[in-house]
Amino acid sequence: MKILRNSALLLIVGFMAWMMIHLYGQYESRDALNPVAEYYAVNGPEETGAANLVTSIVVTYRGLDTLGEVTILFLTAAIIGLLLRTEKGSRKKSVRESSEFLSTASGILIPVITLIGIYIFMNGHLTPGGGFQGGAVLASSFILVLLAISNKRIGHRLLDYTEAISGISFILLGILGILLAGGFLDNRILPLGNFGTLFSAGAIPVIYSLIGLKVGAELSNVILELNQIQGEEEEL
Amino acid sequence: MIQIILLIVMAVIMLVMAFIAIHHKSLQVAVIASGIISLFASVIYIFLAAPDVAITEASIGSALTVGIFFYILNKIRHEDIKK
Amino acid sequence: MKIFELENISMAAGFLLLMVGIWGIISQRNIIKMIISFSIVDTSIHLLLVSIGYIRNRTAPIIGEGVTKTDAATQITDPVPQALVLTAIVIGVGITALLLTYSLKLYRHNRSLEINHFNSLKW
Amino acid sequence: MNIFPRIVFVLLGLFIVLNWGLIMAGIIRKIIARLGMRRGIKVFQPYINLIKNYSIRSQLSHGVMFYLGPVFRLSGGVGIFLFMPLIYGSDYWSNFSFTGDLILITYFMFFGMLGMALGAGEGGHPYSAIGISRGLAQFTAIEVPMTLAILSIAIQYQTLSISEIVAAQQGGIQNWTMVTNPLATIAAMLSFLGAMGHSPFNVVMAPQENPVGPPTEYHGTFLGVLQTNRAILHVIEAVLYMNLFFGGASNWGVLIIKTFLIYFWSVFVGMVFPRFRVDQSIPWFLKIPLVIGIAAIVVFII
Amino acid sequence: MVNPIYIIAVLLGTAFLLGLFRKKGFEFGMALGMLAIAFAAVISVHWFIHLYSGTEGGLNIYTAGSKPPFSINLFMGVEESFFMSAINILGLLGFIYLFRAFREQGLKSSVLFLVLIMGMNVLIMSRDIFNLFVFLEIVSIALAGLIYLKRGKESAAAGFKYLIAIGVISAMLLIGISFFYLFAGTLNIDDYLQSNTLPVKGISVAIFLMLIAILLELKPFPANGWALDVYEAAHPGISAMISSGTATASIFLLYKLLPLSSLDWLPYLTVIGAVTFVGSNLLGIVQKNSNRLLGYSSIGQIGLMIAIIGLAPRLGDHFNFIFVSIFISHFLAKAGLFWISGIIMRSNIREWSVLRRNRLSLFMFGLFILMLIGFPPFPSFYGKWQLVMDLAQHKSFVWIAVILAGSFIEGIYLFRWFGYAMKEQDDEEKKIIFQWEKLIPPIVFSVLALGASYYTNNLSLLGPTLNLIPIYFILALFVLDFLPAFVKNSLVIAGMIIYSVLLYPSIADDTLRLIFGGIFMVGGVLTLFAGYSEKGKREGFFPFAVMMYAGLIGLIQAENLFQFFFSWEIMTLGSYILIIRGKKSMKHALNYMLFSLGGAYLIFIGFALSHIGQVTFDLQTLSSTILPGWTYTLIAIGFLTKTAAIGLHIWLPGAHAEAESDVSPMVSGILLKAGVFGLVLLFLLMGAEQAEQKNLLYILGWLGAITALGGNLMAVFQEDAKRLLAYSSVGNLGYILFALAFVTHVGWMTALTYSVNHFLFKTLLFLAIGGVVMRVKTHNMYEMGGLIKQMPLSFIAVLIGIITLAGIPPLAGYGGKWLFYNAVLSKGWYFQGMFIFFAGTIAFLYCFKLIYSVFLGQPKDKFRQVKEAPVWYLIPQIILIIGIMVFSARPDLLLKPVGTMLSQSNYFPTDPLNWENVTASTDLGYWSGYKIMLVIGVMFIILLSWLLLMSRKAQKIKQFNIVYAGERPFKPETTHFSHNMFSHFYKALGFLSIPVVSAFWNGLNSVTHSMAENTRKIYSGNGQTYIVHIMLYIIIIYMLMF
C-alpha cells in the first residue's frame, strides 16, 4: 500500500519535473543585461545616488515591495501573537534566573552586535547588506537581551514602539516623496550627496535604517511571542 | 573551473542534505540539514555574484529559520513532558 | 560547454532541489517535515532566481572597486533578481514562522504532528 | 312549431312512454318468472306499486338534498326524454331535440345519477354510498365502449344529431347501423348491459338484498318518483339505442316492439350469466368491448 | 482627487499605529481603524464616480520618481476603482461586523484586517507582477491569521491547510514570475504588453505557471478542498471577506494578467469555470453545514465568473455588463449570507429556522438567496439573460446548458435552505441575540442590492421599458407590512382594481389577452376577498400575492421576450412564497420551485434560441426562429412544467394542497393558466404552418390525454380534499393541453372555454373546500361528513362546482364537452379522445367522493358545532356561481369573440361554429346553452313542485335516524362510508396510478445525491491530499494546454 502511494506520488513529482524541464530547456545563458536592468545600471547611481544597485532597487525602485515585505513580517509577528495568545489575555510571567555567565557575556556582546547591525543597515547603500540583514543581526542581539534580563514587559513595549514608529516613519517618508519629489518612496527628498559616502543617496540610508529597525523589531517580536508561550491554553 | 567543480560538489551535498532533511527520523537532524542547505545556498550566491542575497540567506534563511524551528521543536517537546 | 557552466549547474541544482522539496511536501506526513520541505522549496526557488540574474564573468552590482559608474552596464550582473530574492527570503521566513506556530497550535489541540490527523473538517 | 302545441305533444309522449315503461316492466318480470318456473307478479303490478307508493302518508325526509335527490333523478329521466326525438320524420314527436344532440343526452344521463347519489348519500346509510361508489366505478368502464361506439357512428354518419343518424338509417334493414356498423353495435349493446344494471352487472344494486340500498332508503312518494323515473328511463334508453343502431322508429308500434326487444336483450343475458364483482366487471368492459369499440373506429379510419 | 496611494499609506500607517495600542485604547483604536477604512472607501468611491462619469481613462501612479517599467507603478482606472470601492465598502462593514471578535481577540487581530484590506487594494491597482506576488502573500498571510480569529481546533487545522496550499501555489507563482522576468526582461505588465515583440520562446510555460497559480487562488473544483475547510472553520465575518473580498481581488488579478499569455487561455478558462460551477454546486446539494454550503456556492459563483471571462469574446460589448451584474450579485449576496450566518450562529442549515424570530434578517436572507440564484429584479438575472442571449448568438449551446444546469443545481440547495429557514421546526429553547453591529452590514448590503437592481434595470439593454409600478407597489407593501391584514387587503384589492381599469384599454382589442387578463385580475380580486377572514397582520403575505399577480399581469402586458421572462420569474417567485406559507408545505414548495425553475430555464433557452440572428427581443422573433424544432420544444416543455403535464406534475398536488386556504384557489384556479397562456401565445407565434408540420403536436396531444387520465385517476384515490382537487387540476389541465394540441379553430375554442371554466369551477371549489377546511381544521375527507346542515352555502357552491367540472348539462362545463366532441371528431384523434372521455367519467367518481364525504352522510360528533365558512369566503363563491350561471346560459358571450379572434388570427380563417341567436352549430351537431338551461330549469321546477305536492307532509328527521334501513348506530360511531371509497376501483385500475413518475424523479434525485456524496469524498480533510489535488490539477491543465 505504501509502495503504491509513494509511486503514485513519485509520478506526480515526475510530472512536475517534466514541466520544469520545459522551463529549463528554454533557458539560455545570458550575456547581457536586459533593458530594465541596463537602465538601473546606467541611471541607477545617478538617480538614487546609491552605490549598491540592489539597495537602490530594493529601497526606491521597488520600494513598494519592500514596504509589503516589512508588512509581512509585521503580520507574522501579530499573527503569532494572536495564535499563541492565551484565552485570558494575560501571560504567565516566567521568572527564570539568568546565569551569571550569560548576563556578563551579554553585557559585552549586546552593544557589539547591535553596533554591527546598525552598521550593516546604515551602509546598505554602499556595501552588501542592508535593512534585512541588519535587522536580523539586531534581532539576534535582542535574543541575548531576552536571555539576560528577566523583565520582558519593558522589552516588549520597546519593541512595539520601535516597530510602530519606524513603520510609520517609513510610510511618512514615502508620502514625503509624493509631496517633495517624484512619487511615493522617492529618495530624493534629501540631497543625494557625494556618491559613495555614508551620507549620500538621499533618503536611502534613512529608509533602510528604518527598515532595519523595523525588521529587527519584528523578528524580535516573533521570537518574543514564541518565547512567551506558556502552554496553559485549554481550548477546544 | 574550480568554481564549477566546487559548485557541483555543493549542489550534490545540498541534495543529499535535502534527502536527509526529508527522510531522517530525527526532526532535529532534519532541521539542521535544512539549515545546511541554506548555508550552502548562500555560498553559491557568492559564486553567483550576489553578496546581498548571500548575507540575507545566511542570516535570515539559515540562522533565524533554524532558530525558530528549534524553538518550536523545543516547545513541542516541552508540551509532551508537561502532559 | 553549455551545460557545465555556473548558471546552468546552479539552476539545475535549483530544479532538483525543488523536486526533492515537492516530494517532501507530498510524501511526508509529519507536518514539521512538511514545513522543512517547504523551506527547501523556498531555497530552491531563491537559487533559481539568483541563477536567472547571473551573467558569466561579471561582478556583483555594486559600484565601487572594479566597477565604474559609466561601464556598469557591461560589468555587473542583473541586480533585479537579487532584489527580488531579498524580498522572497523574508517572506519565506514569515511563512515558515507562521507554519511552525500553526503546527505548535495543532499539536496542542490534537497531540499529534501527523497531517492526516487533522481531518475533522471534510466533505 | 309553436311552443304550446309542442308542450302538449311532449306531455302526451311522456304519458305514453311512462305507461309503456310500466307495462313493459310488468311483462318482462312475468316472463322472467315463467322462465324460472314461477308464477310471477301481475302484469299490472308496477301500476299498483306506483299508486300505493304515491299514496303512503307517513313520509320521512333526511334533509334538503335527500328531498331533491328524486327530483334530480326524475329530471334526468324526463330530460333525456325531452331531448330525444321519438318518431322518425315527425316533428310532433321530436320533443326538444333541437336544443342539443347526442352529446347532450350522453352527458345528461349523469344528471339524474348525480342527484340520486347525493340524495341517497344524505340518507346517511352506508350501504347507499357503497352502492353508489360501485355504480359510479362500473359506469366509468361502461362508458368507454359506449363512447367508442358513439364516435364510430359519428364518424360513419358525420353528424352528432340523432335525428340525422336516424334519417341516415332509413330505407330498410340493410341501412341500419346494426348492419352497416356491426362492431359499434356490439360494443354499444355490451355497454348497454352494464347501463341497465341487470345481472351480471347488477352488483350496484346488490345492497338491496341486505335489504337496503339507495332505492330502499327512499319510500313513499319519493320511491314513487323513482319508480316513475325508472319506467321512463328504461324506455327512453332503449329508444336511444334504437335510434342509434336499429333504424329508429317511424311510428309508435315500431317503437314499442323495438324497445321491448332491446330491453329484453339485457334481461335475457342477465338470466344466463352469474353476477360480476365490480373489480371484475371494470376490467371486463375494458377488454372485449373496448377492443371491439376500437375496431369499430379503426374500420372507419382505414 | 486624492492620490489612491494614500489609501495604502493610511491603511498601513494605521495598522502600524494600532500595533502600539493596548487593551485600554481598544475603542479608540477601533475607531481609528474604521476611519482608515472609511477613508479608503470614500476615496475609491470618489474615484469611481469621477472615472465612470468622466472621459478620463484613469490615473497612472508612479512610485520612486521614475517611470515604469523601472519602478513599480499603480493604475487607477474605472475597473480598478469599481472593484476597490466594492472591497473597501465590504471592508468597512466587515470591520464593524467583527467588532466583538476583535475585542475578544485583541486589537492585533484588527490590524490583520486592515492589512488585508490594504493588500487587496494594491492587488487591484498594481501593474507590477512581483509586486502583485508580494501583496498576494500579504493578503494570504493576513487571512491565515484571521482564520484563527474564531479559535479552536477546526480553525487551527483549516488555517494550516490554507497555509500549505497557499505555499504551494505561491511557489508556482514565484517560479513563474522568475522565469517571466528571465524571458521577458521586465516585470511590468504594460511594458510587456506594449513591447509588441513576438512572444519569447519558453515564456508560455512561465506565464502558464503564473496564471495557473492565480487560478488556483480562485479555488477551482476539485483542487479546492483547503478553501472549503477555511470557509467552514473561519469566523463568518472572515469567510465573507474571503468569499466576496479576496475572490474579487483574485479574479480581477486573473483578468489583469490574462492578456500576458499569447496562448489561447479563454477556452480553458471556460471549461475550468464551468466545471467548477457545476461540480461545486453539485457537491453543495448534500452539504448540511451552512458555512461550508456557502463555501461551495461561493466557489461555484466564482467558477461562473471565470467561465464568463473565458467566454468574453463571444459576449463582445456586453461582457462588462454581464460580468459586473453577476459579480455584484455574488459579492453582495455571499457577504450578506455569511454575515447572517454569523449572527445566528447555527451551523446546520436546518437550524436556520431561528431566522424567523427576526423578520428583518429573514427578509435579508431571502433577498440574498434570490439574488444568488438570479431571480428578477436582481442584477444577476439581467446578467444571466444577457449572457445566455449572447451565447446563443454564437451558438454556444453547450455552455448555455452547462451554465443553466449549474444554476439549477444551485437553486436546489439554496431553495431547500430557504425552505428550512421558512418552515423547519425552531427550537425555542435556544436563545439568540441579534446584535446591532452585526445587523448593520447585511442591512447595508440589502439596500445596496436593491439599489444595484434598480440601477441594473436602468442600465440593461431592455430594462427601462419594464413596467416598474407593480414592483414599487410590492416594495411599498413590504414597508407597510406592519399594518393590519384587512387594511393591506383593501389596499391590494384597490390597487388591483385600479390597475385593471388602467390596463383595460390597452388590451381591450386583444381577446386572448383580455380573457387571460380577466382570469388573472378578476380571479385575483375574488380570491383576495377570502383574505379578509384572516385576523392579525398576516405578515409577508401581501407583497408576494401582489408579486404573483404582478407577474401574471406582466405576462399579459409583455411586449418582448425579456419582459415575458421577467414576469414569468416574478410570478414563480411570488407563488412559491405563497405556497411555502402553508403549514406542511416545505417539501412541496421546494418541488414546485425546482420544477418551475427547470421549466423557466427551458423557456429561457428556447427564447435564446429564437433570438439567434435577431436584433430585437420582440415576441414576434419567435415566429422566425432558425431552429424551430428545438425552440418550440424547449419552450413548450417549459410551459408544460407550469401546467403540470404528466411526468412534470409531481410538484402540483402537494403544493396546491398544502397551501393556505385562500392561496390554493390562487395557485390552482389562476396561476396554472399562465402556462396555458404561454402555450397559446407560443402556438400563435409559431404560426399555423410551423405548428402543423411538427410531430410535436401529436405528442402533445397524447401527453394531454394521458395527463387527463392520470390526473383524474390519481384524484379518485385521494383522501385529502385539497389534494383531490389538486390532482383534478392536473387532469383538467390535461384536457386543455389536449385541446390546444389540435391547433384547429374548434380545438382552441375548446381550450379557451375550458380555461375559463376551469378557472371558474376550480377557484370556486378550492374556495369552498378552503372555507370548510378552515372550520374543521383537517384536510381528510373521511374525518368530515354531514356538513350540509352546518354549511349549506358551501354545499351549494361545491355542488355547482362539481356539476360544472363533470360537464353535466345544463351548466357551463357541458359546453366544453360538446366542443370537445366536435374537435375530436373533426381532428380525428379518436383514441386520444377516448382517453379524455374515460378521464371525464372518472372525474365523476371523485366529484361524488368530494361532495358526499364532506357534506353528506352522518356528521362527526366533533364537527356538530362548526359554523358556515367565513362570509369572506362565501362572497367570491357567490360571484363565481353567478359567473358560471351566466356563462352557462349565454356561452356565446365568450365563444363569439373567441371565434372572431381565432378567425382573424390568420390561423384558422374559417370559424366552424355557426351562431343562430344563442344556438351554436357545427357540421356535426348543435348546442343551445340557453334553451337547454330553460328546458331543464322549467322541468326541474315542475317536477319539484310535483314532489312537494305529493309529499307535503313529510316529516323531517335527523341525519342519524336511518331507521328505515333498520339500523340505528350510536352517535359517535357514524356509519359514514368514506375512507378508501373506491377500493374496488383501485383493484381494477389501480395499476394505472402506480407513481412511476414520482419514482423516476425520486430516482434521479437519489442518483444525483449519491453522486455528490461520492464525489465529495475526495475532500478527505487531509491537507496533503489537497496539495496533491493542486499539483494534479496543474499537471492536467498543463498537459491539456501543451
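Going in written order, the chains are labelled A, B, C, D and E, and every chain counts its residues from 1.
Quick note on the criterion: a contact is a pair of C-beta atoms (placed from the backbone, for glycine too) under 8 Å apart; a residue touches a chain by one contact, two chains touch by 3 or more.
Here the structure is a predicted model, which means the values were calculated and not measured.
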{"item": "Chains touching both chain B and chain E", "value": "A, C"}
{"item": "Most distant chain from chain E, judged by the mean position of its C-alpha atoms", "value": "B"}
{"item": "Result of counting contacting C-beta pairs for C-E and B-C, higher pair", "value": "B-C"}
{"item": "Distance from the mean Cα position of chain E to that of chain A, given in whole angstrom", "value": "54"}
{"item": "Mean-CA-position distance for chain D and chain C (Å)", "value": "100"}
{"item": "Length of the line joining the C-alpha centres of chain A and chain C, rounded to whole Å", "value": "16"}
{"item": "Centre-of-Cα separation between chain D and chain B, whole angstrom", "value": "107"}
{"item": "Overlap residues in chain E, where contacts from two or more other chains coincide", "value": "130, 134, 137, 141, 144-145, 148, 152-153, 175, 179, 182, 187, 1028, 1031"}
{"item": "Contacts with two or more other chains, residues of chain B listed in rising order", "value": "51-52, 56, 60, 64, 68, 71-72, 75, 79"}
{"item": "Pairs of chains found to touch, sorted by chain label", "value": "A-B, A-C, A-E, B-C, C-E, D-E"}
{"item": "Touching residues (chain side chain C, partner chain E) in the complex", "value": "18, 22, 25-26, 29, 31, 34, 38, 41-42, 45, 48-49, 52, 80-81, 84, 87-88, 91, 94-95, 98-99, 102-103, 105-106, 109-110, 115-116, 118-123"}
{"item": "Chain B partner contacts - residues on chain C that touch it in the complex", "value": "4-7, 9-10, 12-13, 16-17, 20-21, 23-24, 27-28, 30, 32-33, 35-37, 39-40, 42-43, 46-47, 50-51, 53-54, 58-62, 76-77, 82, 85-86, 89-90, 92-93, 96-97, 100-101, 103-104, 107-108, 111, 113"}
{"item": "Chain D residues touching chain E - in the complex, by the definition given at the top", "value": "54, 57-65, 67-68, 70-71, 74-75, 78-79, 82-83, 96, 98-104, 107-108, 110-111, 114, 117-118, 121-127, 129-130, 132-134, 136-137, 139-141, 143-144, 147-148, 151, 154-155, 158-161, 212, 216-217, 219-222, 224-225, 277-280, 282-283, 286, 293-294, 297, 301"}
{"item": "Residue numbers on chain B that touch chain A, as the complex places them", "value": "51-52, 54-56, 59-60, 63-64, 67-68, 71-72, 75, 78-79, 82"}
{"item": "Chain A residues within the chain B interface of the complex", "value": "52, 54-55, 128-130, 132-133, 136-137, 139-140, 143, 219, 222-223, 226-227, 229, 231"}
